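Okay, so subunit A shows up in both of these, paired with subunit B first and subunit C after.
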Partner chain A sequence: MYQSVHTNRRDFIKKMAMLSAMTAAASMFPGIIFAKEQEKGIPAGANLDWKKAPCRFCGVGCGVLIGTENGKAIAVKGDPKSPVNKGLCCVKGYHSIMAMYGKDRLTKPLVKKNGRYVQTSMKEALDLVASKMQETIKDHGKDAVSIYGSGQWTIPDGYVASKLFKGCIGTNNVEANARLCMATAVTGFLTSFGLDEPMGCYEDIDHADTFVLWGNNMAEMHPVLFSRLLDQRLKRGVKIIDFATRTTRTSMAADKSIIFNPQTDLAVANAICYEIINNGWMNKAFVEEHCNFSKGLTNMGYGLEDNYKFTDKPESISFEDYKAFLEDYTPEKVSKLTGVSVKDIKYLAAHFGNPNKKVMSFWCMGMNQHSRGTWVNNLVYNIHLLTGKISSPGNSPFSLTGQPSACGTVREVGTLTHKLPHGVVMNKEHREFAAKIWDVPVENIPSKPTYHTVEMFRALDRGDIRFMWIQVTNPMVTMPKLKRYRDGAKKEGRFIVVSDIYPTPTTDIADVILPSAMWVEREGMYGNSERRTQYFEQMVEPPGEAMSDTMQLIEVAKRMGYEKQFYYKDETHIEEIYTEYRRHHDNKKHNMAPLEVLKSQSGAMWPYVDGKETKWRFNAKYDPACSNGKDFHFYGKKDGKAIIWQRPYEPAAEEPDTEFPYWLGTGRVVEHWHTGSMTRRIPVLHQAMPHAYVELHPDDAKRMQIRTGDNVKLTTRRGEITLPASVNERGVPAPMQVFVPFFDENMLINDITLDSFCPISKEPDYKKCAVKVEKA
Partner chain B sequence: MPIKSYLVHPSEGKKDQLAQKLSNMEHCEVLPAENEEVLILVTETNSKQEEEILKENLEQISDIKLMAMVSGFDTPKNT
Partner chain C sequence: MKKRVGILLVFALLFIGFLANWTYSYYQGLEEAYIPIHEASDILVIPSEKKVFERSGYALDYLNMPVDENHQRTLDTYYNNRAYPGAPPSIPHPVKEKLGMGSNICLQCHQNGGFVEKFNAYAPVTPHPEMINCKQCHVEQQTKSTFVATNFYKKPAPEVGVNNALPGSPPAIPHQLQMRENCLSCHAGPAAVKELWIDHPERINCRQCHVPKAQEVQNVELFVRANTNLK
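Our next item is the complex of A and B:
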């Protein structure tokens, strides 16, 4: 039997309590130092050289100071100058440098020969990668090669990947794992506003009166930001409302916890809009001046079949049409479907409807990994638009990110099949613009997107893709319905290259494994959730022959004959790449700060115009790109107006039935970062959370005579898995629901999840499928 | 099993003395600021009753000018 998985949970809660107090103190006494906590673990008498960097882990983008001595990083502390975290770190951040020094770090390239990995030199490995790619293109065409990267790619990594594949080779087979976490936020922003990324910034936290967390366990996933919320509650008495499908640490710390049935957030959001309009809380002047109403197609399907295609057909509607549509979403009707009481729906609506209160909405995976994710993103924007609570200090719908550069690299550089650094491949002018900067014929860049992530792995399985280069991500843990894609990747005639820092289930499928330089072992930039681009210099040497992903790509590009486009010098390549990249965004709507600015301070938010960052986009008071002469200008849309969308409730792709009567949802834990390939090598974090588990509601557990630690068998239509139970511990799911974290490569929950996705964003829904639960 | 954190403002010139006093108390962990007259106190007790007793004891300390709770958690005993 497994021991309880939460042996050290209390230590973490104590840490959380300590962090909250440190944040509160940092707000009251700027520059305050708690040396004992911040410099814990630093050897006595050490003569450290401290340098700034953004944290390696999540998308909050905390500033850290890294202390090095004799070529090794030996200490880390929060950077008091960083406006993001004001000197704080979470437990992962405080231990981040240890992720560089795991015993099984990859230091030499490995090539699979006769079923065994053989060490080789980096030169030979890169020669092999380039020749294999050329051979695949010759035999199967350019769309048979692909690259799959990540929101952990630095900006230069993603930029050279896109330039090589889209600009030089001429295939749009470029995707990144942010498709699995942030693609829905992108399509939400694009459909409502015409431009991606939040209009506000973290400073909104200092102004808002109410925080509504939409399926967002901030206390565990974004603890430093959450401690800023707790600090505001202490100082100003703000309200925190947790709206979720499961009781978590966030629910426990919130002023109000509201639990809804999976997928029905769509209906609750519409009911809030109904209440806003029918109680006369709508900001009529704002809506008339700055908003249009639209509807799109419905019954879109779920993408379960290969080669599924969907294109929405937006159609203008009137305010009266929209109001009539909302008649189906009265609190009384919605309450029955959602499990949320009429009183709680009205409570939520009243917070948004109060003209004297500023409201911030936060969300992350709950709304994004959703088979109608784009819709629910639109609906939250509807609420903020109807009340005019947007683009001003404290009024802010804010999508959080999970990776350090999901925004900076995947969304801004555009490492997705349809994207270019500026614009999309479908647009001729955008292709011409990119081709000019990349110094390639415009004909090189195909005008049609190819495969989004799920379809890319399906294409690998089918044999339409024969070569895949995977960098700094672990899809053999994260892909839904994993077994199909693992088996597909192992088929004859596939060639897989994996660049990473440790062995993972993904390196297990590789033909070539390239050891990568990690974080401050090389130079680079990340872009965080609030549009802040942050630079870090190389502070230590990478081990063995490990090389940055940027340089691996440059070396292969040169070997393939693209020396002219990859002209960068070894010593200055990051500066040269960033300078070239900035040309793609050289306009008031997206200008990036110069490198010398990023080097001198804790990053800068774009648009960076005339030496100033822009804190609130679309608001003429703060945003120099506004040009319509009005107070707000949603310039992402041609007529300068944002869209309020008519989006209905539709069920999930697979819902509980008699054979599989429970909901299965997956997610993360505070100790481990995503698939745990780094944090599981940090002893204190691994010991605190050594393996995955399945959370059950106490009533369900009692009925099945299951206690914490007992083995539980989960069965879905994709397969089965056995995990230890967790009852009444960290999180408590609602009755007839179970929750499993996905960090554990020895208990691969994604073997049994479903690969349904949002038809607009193509992001999978990891939060909902049907499962049978039995005591093993 | 309550866990709570506080910002503790000491009476003038009493920070070091207060830090010493608090760190000697059962259920208390103290983190004094290096450069400001404030301390962080994290308390961890086994029950609400114990928590109440601790609070009463803290209120008796004359070196505390002001104590403000920042966060509070109540967690099950087995974790």
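Our next item is the complex of A and C:
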């Protein structure tokens, strides 16, 4: 029996009456169109030049229109033509241009001499970077130099970085902070489907009936997409279910909020599968036709030790094996472990199991920054595969991203140690293919991946890496167990180059600080979470000698003797790079739209085939790459079948004990983006959220006699930190848990977090470690 | 004979039905007894967060509501009814019921608003209907005179239209939010002040764009990081 979505008859009739009124109203307005209203606020006679760009901040990739006057960006409005946000932005987006005008903007290079930073010219600084890199290669070998970028790299930035390091220098020491954020989503997709990135798109929101948010505070972190959910709720009465470890703004907005104990989402997801199979809700035809069952290794460890290695050994199993495995995950058994009531588990399962309801799952860091992250990603795909709710409008497991081009640059260009723009370094054909386009000998590209991010910083500490170039990211705020990596980076004999727009804790460890041109001070592209590539032109001049990261890399490459590979002309280099990059993806499964298309519209989703974007991959109705003659074709896997994984529950690396009795989780707030180096320089945002805090449950606070604003000392095995308390404010953690946002460089919570990671994706778990809480 | 068999059959069926029912509920009972009863963990309500979303069910009505120009409140009448910006407004109309604390008598008009013939006005909607001792804060004005004159300085109300950082950007919230967390109660609906009327009540998650400006926080000094080009 399906659990009725409507609780009782009276309620139902009331809702139906409301709904009919709503449909009448809904027909009067088609979506979020908003810019006209914003225009009212613009003074008449202002001579603004409006140009389109994707937003600088998160991975949603909202279209914004930027108004410039006299060479300065002075206003922002949502682009009503963008299918992503339909004219709406969030508070960060509306004020994004102010991030370019902080007073302490870096304008000229700074070089460390005898412990002091000396201002120099860009030419000299780039000479120094190139010669230092060559010197390091000569003295310590190719694998002693490395580059660490981020999902804020534009596509051309990441592309030239990969070409220079992997193709020309010949080291796989290329990583990006997306490893701390998206790597698990990648391995989740690869293990289940063989190809990265969501099969669906944001349009799924307009079709789905139920939204399940897995550990995802969407109202604050992806507010514009969340608004699209709220919009659908007003118009169609959809259900929003918040499944989380902490009560947040999203819980307050959701129709139902379910709280689970940290790490036990693994068990709940398996219990949902158990319910689906045992209630006969499985879509048998779909599973038989399109799915295989597999299991992998268990007890993988947590990567806490240096040089930790893990490779999964997948093994085929039968449906019966899988069913037997699920016997351990009856709702009754799982309820004890997870703190989720049997009723709530069944409620969740009923939503997925109801054949008349289309379900969309959303998740972001809750599932990705998870010491068994790849597993929990697999488990959510299991639910969607078992019910056949995938790759069709409204049925969509959707992994969100936090950076503007985590997908576009890190995942698609492949700026990770094992990746190439097309394929992986381990594959000979892939290496040959890349070497041909890059115009380098294939022997240049090493066949072995080197260090993932955490290990890369460990290698820097150990001295295996001697030179590191850090671009558009702030690892000295974001690395877990930060103190070790900060001390390591400061050791003698390390040379660190940091390209950034503001001084940050990361520029503090630099030997050379290069001023970068950001966002619309240069030309570039970002790729958002729904496979949409978006172009932006240069709209304002960068300050001083600030230079785009692409240009910095090209200049250094030329100085190192790679003029042949870096043949790009100054005026047209972005276009040339993009055209060259497209050749890597020249196939039906990944074709990128040509630049003219990106310039003329609000981006385009890949695969872009015969002038058309593909909204739902693996579905023969929408995806021209499907070739097996069936409704669905999971062509990422050789036999065209997706994999349902047997993945058990395993505890986190460090769980609360008597000495450290609380869970510590970290995260973000709506006002600030990541480490706050940009958003804290926007007065509106700083004034709304001036500093970090530690959230406590009111009962814990009462017991310890802590009130909002009181100082609280947090101690873990890594160290201690004191922050002001926040009780019953923005969010409320469950009892015996605390939450700290990480944006505040004056209160570095990562000094005390743990560097355990998912053994498959190597992505650290920032959401779970054990902490002692005391009134300071 | 047939009739008797029929009756017997009916009883037999009833009995079987009873047995089936009984066994079913017996096993159900067993299962229930086995299930460890985990009360769903209490979902806390965060007032400052929860209330933003209240009344959003009416958002579409608000959006499509025609403007009744003859009965609109103005910013002046709105603030004249308060001792200072943010003070609880007084009750500007006679109250027949002197005995009670307010409660349902007030809420019948002020919970959801609507036109009140008697006062020829739309009833403003309260942002905190759960607080039912209305008259502890909201008092009736019996006279316009004062006992002695006052030197109290009435701070001017936050201005409208000047709270945005950029041309056309969403204005910051210029007032305190305590007990006024529910935006729609004052900023939408027929009783809303003309100047405070929002044209997009259906957006619901107000604070994704409008962030507070006047909240009480620990002051953070101007931050200066070393290693800049600044002299």
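The rule is short, and it goes like this: the second predicted complex is superposed on the first by the 733 of 776 C-alpha atoms of A that agree within 3 Å, B and C clash if a C-alpha of one lies under 4 Å from a C-alpha of the other, contacts with A are read in each partner's own complex, and residues count from 1 in each chain.
We take it that a contact is a pair of C-beta atoms (placed from the backbone, for glycine too) under 8 Å apart; a residue touches a chain by one contact, two chains touch by 3 or more.
Quick caveat: nothing in here was measured; it's all calculated off a predicted structure.
Trainee: Under the stated touch criterion, which partner chain does A:231 make contact with: subunit B (first), subunit C (second), both, or neither?
Mentor: After superposition on chain A, A:231 lies in contact with both partners, subunit B and subunit C.
Trainee: Could you say whether A:683 touches subunit B, subunit C, both of them, or neither, answering first, second, both or neither?
Mentor: second
Trainee: Based on the superposed arrangement, let me know which partner A:253 touches: subunit B (first), subunit C (second), both, or neither?
Mentor: Once the two structures are laid over each other on A, A:253 reaches both partners.
Trainee: Report for A:730: first if it touches subunit B alone, second if subunit C alone, otherwise both or neither.
Mentor: both
Trainee: Return the chain, subunit B or subunit C, that is in touch with more residues of subunit A.
Mentor: C
Trainee: Considering only touches as defined above, state whether A:770 meets subunit B (first), subunit C (second), both or neither.
Mentor: neither
Trainee: Which residues would you name on subunit A as touching subunit B in one complex and subunit C in the other?
Mentor: 18, 21-22, 25, 28-29, 32, 34, 37, 227, 230-231, 234, 249, 252-253, 728-730
Trainee: State the interface residues of subunit A toward subunit C in the complex, per the touch definition above.
Mentor: 18, 21-22, 25-26, 28-29, 32, 34, 37-43, 46, 48, 67, 74-77, 88-91, 94-95, 97-98, 103-108, 110, 117, 119, 219-220, 223-224, 226-227, 230-231, 234, 247-249, 251-253, 257-259, 332, 335-336, 339-344, 502-504, 507-508, 510, 513, 515, 544, 670-671, 680, 682-691, 697-698, 709, 724, 728-732, 734, 746
Trainee: With touch defined as at the start, can you tell me which subunit B residues reach subunit A in the complex?
Mentor: 1, 3-7, 29, 31-36, 38, 40-42, 44, 68-76, 78-79
Trainee: Within their complex, state which residues of subunit A touch subunit B.
Mentor: 4, 6-7, 9-10, 13-14, 16-18, 20-22, 24-25, 28-29, 31-37, 227, 230-231, 234, 249, 252-253, 708, 728-730
Trainee: List the residues on subunit C that touch subunit A in their complex, please.
Mentor: Spelled out, the residues of subunit C in touch with subunit A are 34-36, 38-41, 43-50, 52-53, 56-57, 59-61, 63-64, 161, 164-170, 172, 199-200, 202-205, 207-213, 215, 217-220, 223-230.
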